[in-house]
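I'd like to ask some things about the structure below.
Per-chain numbering from 1; labels A, B and C assigned in written order.
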Amino acid sequence: MPKRQVIARPIGAAARILAAAGLLLAVVGLLLAVAGCSGQEQAARRAGREIEVQIFLGGYGLDFFQEVARGYERTHPGVKVTLSGDPRIIDKLRPRLLAENPPDLFWAFLPIWRLADDGVLHALDADLATRAYGQKITWGESFLPGPLATTVVAGKRYFVPTDLSVFLMWYNVGMFREHGWRPPARWDEFMALCERIKRAGIAPIAFQGRYPDYALPMLLNLFQRKVGGRPLFDLINLKPGAWLHPDLVASAATLQEMMEKGYFQPGCMGMTHTEAQMEFVNSRAAMVPCGTWLKAEMTNTTPRGFEMSSFNYPGVRGGKGDPSVAGISMGYWCVPAQAANLRGGVDFLKWVTSRENANQFARSKDTLFAIRGADRNLARELAPAVAVMRRARYTWAAMMSNWYPELSKRIVDGLASLMSGNISPEEFCQRIEQACDRIRRDSNTPKYQMPVPAEVEG
Amino acid sequence: MGKGKAIPWGRWLVRGALYLVLVGYAGAVILPMVWLLYTSLKNNEEIFRSAWALPGRLHWGNFAYAWGRARIGDYFANSLLVTAISVALILLVSAMAAYVLARFPFRGNRAIFYAFLAGLMVPTQLALVPLFFLVNAMGLLDTYTGLILVYVAFSLPFTIFVLAGFFRTLPHELAEAALIDGCTHAQAFWRVMLPIAKPGLVTAAIFNFLGIWNEYLFALVLISSERLRTLPLGLANLLMVTHYESNWGALFAGLVMVMIPTLAAYSLLQGQLTKGITAGALKG
Amino acid sequence: MRREARRMAALFLLPACGLYALLFLYPVISSLVLSLYDWDGFSQQRRFVGLGNFRRLLGDDPMFWTALKHNLFLLSVPTVIILAAALFFAGALTSGVRGSKFFRITYFFPNVISMVAITLLWFFIYNPNFGLLNGLLGKLTGSKVSIVWLDPNHIMAALVAPIVWCSLGFYLVLFLAGMESIPQTYYDAARVDGANAWQQFRSITVPLMWDIITVAVVFLVIGGLRIFELIYVMALGYPNEQSQVISTYLYEQAFNNANMGYGLAIAVVLFVLVFATTAAAMRLMGREQTEF
């Protein structure tokens, strides 16, 4: 009897201690968590003395933005800018948006069009009519018109475009020079070039097969070169039947042919973007399709002495489309409608997108920016992209992938199947059209439209 | 007909083939781990050059990188903290409830018990989304308190099931003797029944430890701060980051560091684990 | 019950029931309710659509059926292989083979490792450039092998190996326990009657283990329906059409596409599937308990 009690007592006591500890933990945790959303910060923001900014932490890092924040503080004494970043910024924003206690400004890969539609974002039209920082023109006029046009939702603008990329075909300058190859001026020259490269025993085009939407700019540019811009914008705006256009089918067929002829590197469908791009910088492939971010993304793994440059997708002989047209993509920054310091958020956004800061951004991060005049003195590798943007008759972006995430998935899956040779070009187009049809029919999904630029041909 | 008896070599053949298969599968288990181990000591170039070759030099730097810069060391400590506290709380809360459900007949006893059992069939994804908002409303999002409480709640069905079964098989006499000696029911529990239930508790502890140590989905949704990451999150993140930074050696090293403690702990405790499953199998 | 006993019972049940009701039952019921809404998960705006989400899911969503097809594959093929292999190994280890303890411990190794780690390991094994599998084949054939094992065309088939690899140990131990509890006298009697090993297996081992086998089948089937990490991590967070399963599709709709209500409808359907297959499996495999 005594023996059992001797054993029993410590265990009973231990259990009681644990129970108390658990309760204490819960209480402390609750207190800490409550203390976290300090009322103090909120008050400062409401009084306009503090601006809270949250951004996505990725390739651009945080340092540059902190510098910009400090610059704002210097020119606006009495105001503090709290800027934070996180790769999982979406998960941080979600509960705050839901609790209607969002930051004053954010940059995240959220479905911002849906948010705009649901009234979560602040409409910037009035602010765009005010003067831009450091210039005589309005804030709205300081933006490049093409990118700015992508931000319209139901007639109002709820965000502004910031970092910008052009989709081009990058090539190995040294290798081209060595073999006497030249960037093609027309599509048939492009195909002939691929054939020549293949005969020389080198993979013509490296491809990021695990993310087949890297081929979308190629597909849509080819389409536009054949038929002009209007059918392209019909695609983007999900006009019924637009995706069944015979020249789109033909363009898809070209893509598939290129794969069959071995113009895309064998085994590319299993490669991630870094793997494919490594093949390119290690001279195992001559070209790679990518946005202007290629140089920055591969900076750590590019061998010394490697020279890269890029060219826009060439025109088609007898085609209706202007070959100066370029496909772009950009990031967007938003001000939530329920921000405690709405004015501060908007003002800081104006500051970030001032021409000087925009140019700084572009120079230090090796990217383009959606502000006029932000493309001065960029790295040599970006010169073709700068030239393309300046010369382009108009630009387009695959907005339908931004507006309708499900459609984006269908397009990616469709491209994967198309390039793996599993489906025919006709079936590819039919599948996308069916997906568009489902979206058109779904009353729960808000619909968006991209205004067609005046310069559009066809 | 006694084929085996009449022709000795026939039996040897079967035996041999059997051993071949057994050893073959054992190889299939061990080989990837050995490969993982020596690949984690290669640098990027060696990894890409040849999968099979042994490393030229032992790049211990990979481990240093994974532990330090990739913060696997921190995540390890985090997981240890979260798992230890969770398991302790689970055992406590479950044992108390299981004991009552197993030994105290009252109206609604069966209903409550089946309510817990029903939880075994609910896929965690069903609760995931409202749980996220509920934990957020409680102010416990991105905290260990929130994560631990969730882990405890979701381990209740399994643990109560196991412990209730266990308590039901314990002899009544001991508790009765304690009651006669003047203990309250509660005292009888803490002093007499709980200590005897140690084998069941150990089994439940091991299963819960494994489950929570390796848990990914809840941690993914409820924890977003980098410094609070648990090991599975850290590992998955390392994989995605490696696609940008391309330090594959460190990724391999991180994987090794995640697997080794689990395997070591398993080697020590495997007897207990087997006993637990065996007991469950025979009772179930 | 005495008053003191009743008080103790209530007190002891409180923490478990409280936590369970709050953090488990309440969210589950919420999900059921929220699946009837159209909601983006970011704003307070919600629109009641009744069974609209379910109608769309079951009537107008080819991706759901593709995902379900993949789940059906993953809950059937690996299950059969694991059952067969576990029975085989358990039988082998109980037939007096030397070193059975070593094999038992080794085969269970993968079960204790986190699913994320296992996914990562097999990601490496399958890598076309530096993977173990291609390296092994290259060594055997003498030339470089670059098979893309995770090619979308056959990725589901490629996932069978990791699933079997990481589950086998548990079922082996389970079946070992079952087999070891069958009295040897049965086998002796059968041998005297002239039954060979296979006949003994079929008419003694399997029937007496039927309950355990049923439990194994139920676990494996539910596992095949709920599988998440293996797909999610292998696809780096974005499974494509050929690798989508129900739980990853749920995650995608709810968290990536801002279709919270719709994602929850998928979760409800998943629950129904789990429930239905469990009931069906138990019904199909239920037999009279063979007593001995």
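One rule holds for everything that comes next: contacts are C-beta pairs under 8 Å (C-beta built on N, C-alpha and C of every residue); 3 or more make two chains touch, one makes a residue touch a chain.
Small disclaimer: the values here were computed from a predicted structure and weren't measured.
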Per mean C-alpha coordinates, the chain lying farthest from chain B is A
Give the chain pair that accounts for the most C-beta pairs in contact. B-C
Distance between chain A and chain B based on Cα centroids, please, to the nearest Å. 39
Chain B and chain C have mean C-alpha positions lying a whole-number Å distance apart equal to 15
Could you state the distance in Å from the CA-based centre of chain A to that of chain C? 37
Residues of chain B whose C-beta touches two or more other chains: 92, 149, 243
Multi-chain contacts in chain C, i.e. residues touching at least two other chains, fall at 41, 129, 236
Where in chain A do residues touch at least two different other chains? 98, 272
If we count contacts the way the header does, which residues on chain A are in touch with chain C in the complex? 93-94, 97-98, 100, 110-111, 114-115, 118-120, 210, 267, 269-270, 272, 275, 405-406, 409, 412-413, 416-417, 420, 422, 438, 441-442, 444
Report the residues of chain C in contact with chain A in the complex, numbered from low to high. 38, 40-45, 47, 49, 52, 56, 60, 63, 128-129, 146, 148, 150-153, 236, 240-242, 252, 256-258
Please name which positions on chain B make contact with chain A in the complex. 85, 88-89, 92, 132-133, 136, 138-146, 148-149, 187, 190-192, 194-195, 221, 224-226, 237, 243-246
In their shared complex, chain B is touched by residues of chain A numbered 4-5, 7-9, 11-12, 15-16, 18-19, 22, 25-26, 28-30, 32-34, 36-37, 59, 86-88, 91-92, 95, 98-99, 272-274, 278, 297, 300-301
Going by the contact rule set out above, which residues of chain C touch chain B in the complex? 1, 4-6, 8-9, 11-13, 15-17, 19-20, 22-28, 30-31, 34, 41, 85, 88-89, 92-93, 95, 97, 102-110, 112-117, 120-121, 123-125, 129-132, 134-136, 138-139, 165, 170, 173-174, 176-178, 180-181, 194, 196, 211-212, 215, 222, 225-226, 228-229, 233, 236-237, 247, 250-251, 254, 260, 263-264, 267-268, 270-271, 274-275, 278
